[in-house]
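Note that the chains are named A, B, C and D in the order they appear, and that numbering of residues resets to 1 at the start of each chain.
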């Protein structure tokens, strides 16, 4: 249940609604909004009776919310959320292209990649300074040195930057150097991290966990929104199944459904989703065709010598082909009203 | 290993090659072909030494085949296979659209659906006369009565017809009434049925099993080709995973890979693949974008009252929208050379 | 809903109940029984109103059945089913051990294996005359020759025999040579085959499909019972998951649940379930510990040279160890009342 | 490759070996040991040539390590690791029983549960002070208050305590109150947390991630050992599959294999593994039968009113039954030499 307050309702009226919710045995959760104040009823297991709340002063309407996720739901927020990052509008009708190498590499090479992908049509640049890897003996990223390279790209190349944060202890530092904080698939249910990023308020790119249900993914986003950070971008990047013919199984079924039930932008990462360079372009097309708001891809000037994930990294030429695909597919009739 | 004989090689020369293969401890399998005769070496576990075979009279060349599937592989058959069905060319650059209700229904209604989908742009009509269902108490299809309706559609509406065959005992009868015999997902490893359809020689639409690996799917096709039937069309229709947000998880990762390693046409069935009517169109688009040769979809004039699978059946209007999508997507650069 | 008729109820009374069910819009399914006649109501989607049926002459009681499976359910048949095969009681408190090579081999060697496993404690002998294999180029079993070997084992060694039937066309012939007809995992939803075996009435060992839900497995059994064959034995043999450390993932969670909701005996096949010889014994123990009525295992006098599945075939010595494990585990308190 | 130094080898000799490894282009990793010093060669992709290293002064032998995990492997550490916690020996022939409620509850009730499970045969007590939950609106644990209750249990009841740590920022504090730090399934690849716990050196109970392969699980353990903490206990608690009949699919196939390839103790949590109270005991038995070193179970004096996971929590009486099962199963022949 979401209680929408009238414009101009007073703090006293809000408090009275919250008290009423508590007396019903539930927990009120105020939801900040530019145009309206809303109060979410949480802690209930079945439907909530709205008659009492409806007649309180200042209450405009009571919206039943049938799902465990509330703030990420279209029931609560019917319009698409558009996350603005330095002028780039993620979640709008125009596809957003996020490109870059898996890892930050030498400053010179990384800058060169950033310039090239920007020239080819990328809207955001992504590269990892901290790389979570299955093995403790694998390359773990350049760390702080990588962050400084990302800062320089932001300043010199003039493209907003996305990078992963892997632990609460470094959230603040990473956020000083990049525009969008990525939560990787392995961290999707690192709730301490989600709460920290919810507080920080910077845009978050939330990857779906490798075996997360749609509901779990949306609940992870709910952690961010519940802490007051509405600037959340979802990213599907493949799930783990019995399939052994690709690194992951890209789940495009989830894309139109996520768009239906949530107002958050939905990107797709075909690089991790299929895991083989020569299949990134067909899956990139497919993701857009299924309704994704954009793509996240590993692109490199010299894919074969990439520090990590070389086998799934495409070259700039292939990326340019995908930019052309985007142009063609803009002519498709809109899937969503 | 595949031994390619020169054009005009004699039966005696072929026999000599087969004998040589047997002396090496392997099993020869002659592969009929319009332009060339080939002899497949089977039963080996490692690479086969070709020096001996190369020098036999009539031998043009020896092609190593590194995969357990041979006849379905591009190593053996580099060019795309196009399966022709009454003038419809499946596997060509033009997308093939297969549409119809899940089950054959009353003759009048089924004929009406066939006329409407043909008018809207369908190339083949599909409906099940025999319906395999999880429950013995569910509708099992109209059986022979349904076959006669399909015959009438073929004759009166003038659209080729696809229908499922579920057991060896009825393969011949079904093949008298329809143009393409469908092997459903549950039957993909019904090897007795595959052998029977291999002998019959009619075009086969081979659905991927719900938890079949790509290799198992291609090996199922290999059963058909090994019996001498090269008219095989692959159909991806979703796999079973932990996902609970859709009936199956449509695996579009498999599409470009199947096209790379096999020469057979690859269709996609988004109706079963996603299982919800309102998501069929986005996934239909995505399948074509990923490189499918066409689509198989459940379409009905009155979806809500369909005899089976109503929740995933689209109406004719939505189907017409997909036909328009096909037009737009033809402008995409070809993915495959 | 199941309508139980009084003992001594007349055919006319039964007919009247069936007519009443039809007038309610449902389909009656008479269920034969030694001590009582029952009539199953099928075709309903929600609960069935029993008031009308309760008052008909000859009706003892109406039992609501809440699951899509009816005849396999404990709601309908509260007591354990014990399937008797030549004096062996499968489904009783004593664990049943089924052992033998994957394939029937030469008569001499297969007879020797049968003698050895019988002496070691096996109750039934299993070997495949028809072997479904992923590849058309793999060994497909000795066929009829194998059936004759199985007949000889039955006669000369005096142990009942289990063997797989893979197609309706051979069901009758196989049933002449063996005591229990196995439906392999790939055929679990070959409904034509299930119906044929339901008519034949011979005991059936029904393997769970590699990605079948518990409900689908029980519904497959329901096909057999609905045709009048109550002599059905369930067999769990591993499911397909993302796991790559074993051939399948043995699902022991399903064992106590299948025993709770169904009255049918439940065996477990650890050979296919784990797929590696040196792990068969621990998983065999685990299966019994979880409540299985017995085990199906691949056992050979010379495992390394087995015609098929050598890597998962144990030797007679290991089998004897498992027989000892059974003795120890008999001392565990019964899990089921 | 692992280079084993002779007893009494000097630091200079070790340094020389490390230098030689660096000159070969690899990274040396010294592995501390009571009886021997070893130096692990990491960073190689193929086999390492040992001839050069073998002849250096102080080198006893070079052991090739064929797996990506090294320190957790039996190749490197052939004997079973036994983790001692306040006199409890985890990883020995005697099964270790870990029991307690899902969450720390009121001090009085939690103390009472601890006393009861200790009296019934539990060796360690487990309860969560910090509870990671899918929903931000669910009970998140009592936090610090819970930690103090755990301290009191340790002191007053005299049973060692296990509790989960969910973020690097609280690792130190939790470690002051409990004996074994649990890394939950969702955190198995929280590498920052693993490194922190590696440094702390306290015993760690490392749950397998819900979709982790065996290799990923062992690599997570490798992070702990590589930081110098050898006191690691593995815990299987079910994986995510297509199965919908239980919360997770308990993977007992992994138990004997993990024991074969790793020297670390392996526990099993049947409570999470099956997720339903009435099936915990059969799966507990099965886990021991498969070779687990012990069990982790949710046990409560009043399961129905447990703060969390009530549906999978057993009562003390059932726990006592499992203790009796352990007694019976001790009579099984040892599976491992």
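In this section, contacts are C-beta pairs under 8 Å (C-beta built on N, C-alpha and C of every residue); 3 or more make two chains touch, one makes a residue touch a chain.
What you see is a predicted model, and the numbers here were worked out from it, not measured in a lab.
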Pair exhibiting more inter-chain C-beta contacts, B-D or A-D: A-D
Listed pair (A-B, A-C or B-C) duplicating the C-D contact set, over half by residue number: A-B
Inter-chain centre distance, subunit B versus subunit D - centres from mean C-alpha coordinates, in Å: 49
Centre distance in Å when subunit A and subunit B are each reduced to the mean of their C-alpha atoms: 38
Interchain centroid distance [CA atoms averaged], subunit A/subunit D, Å: 33
Per-residue overlap in subunit D, given as positions that touch at least 2 other chains: 211, 215, 240-242, 244
Residues of subunit D defined as touching subunit C within the complex: 211, 213-215, 239, 241-246, 249-257, 260, 273-274, 276, 278-279, 281-283, 285-291, 321, 324-325, 328-329, 331-333, 335
Subunit D residues touching subunit A - in the complex, by the definition given at the top: 27, 29, 42-43, 68, 132-137, 166-169, 186-187, 189-193, 210-211, 215-216, 219, 222-223, 226, 240
Subunit D partner contacts - residues on subunit B that touch it in the complex: 211, 240-242, 244
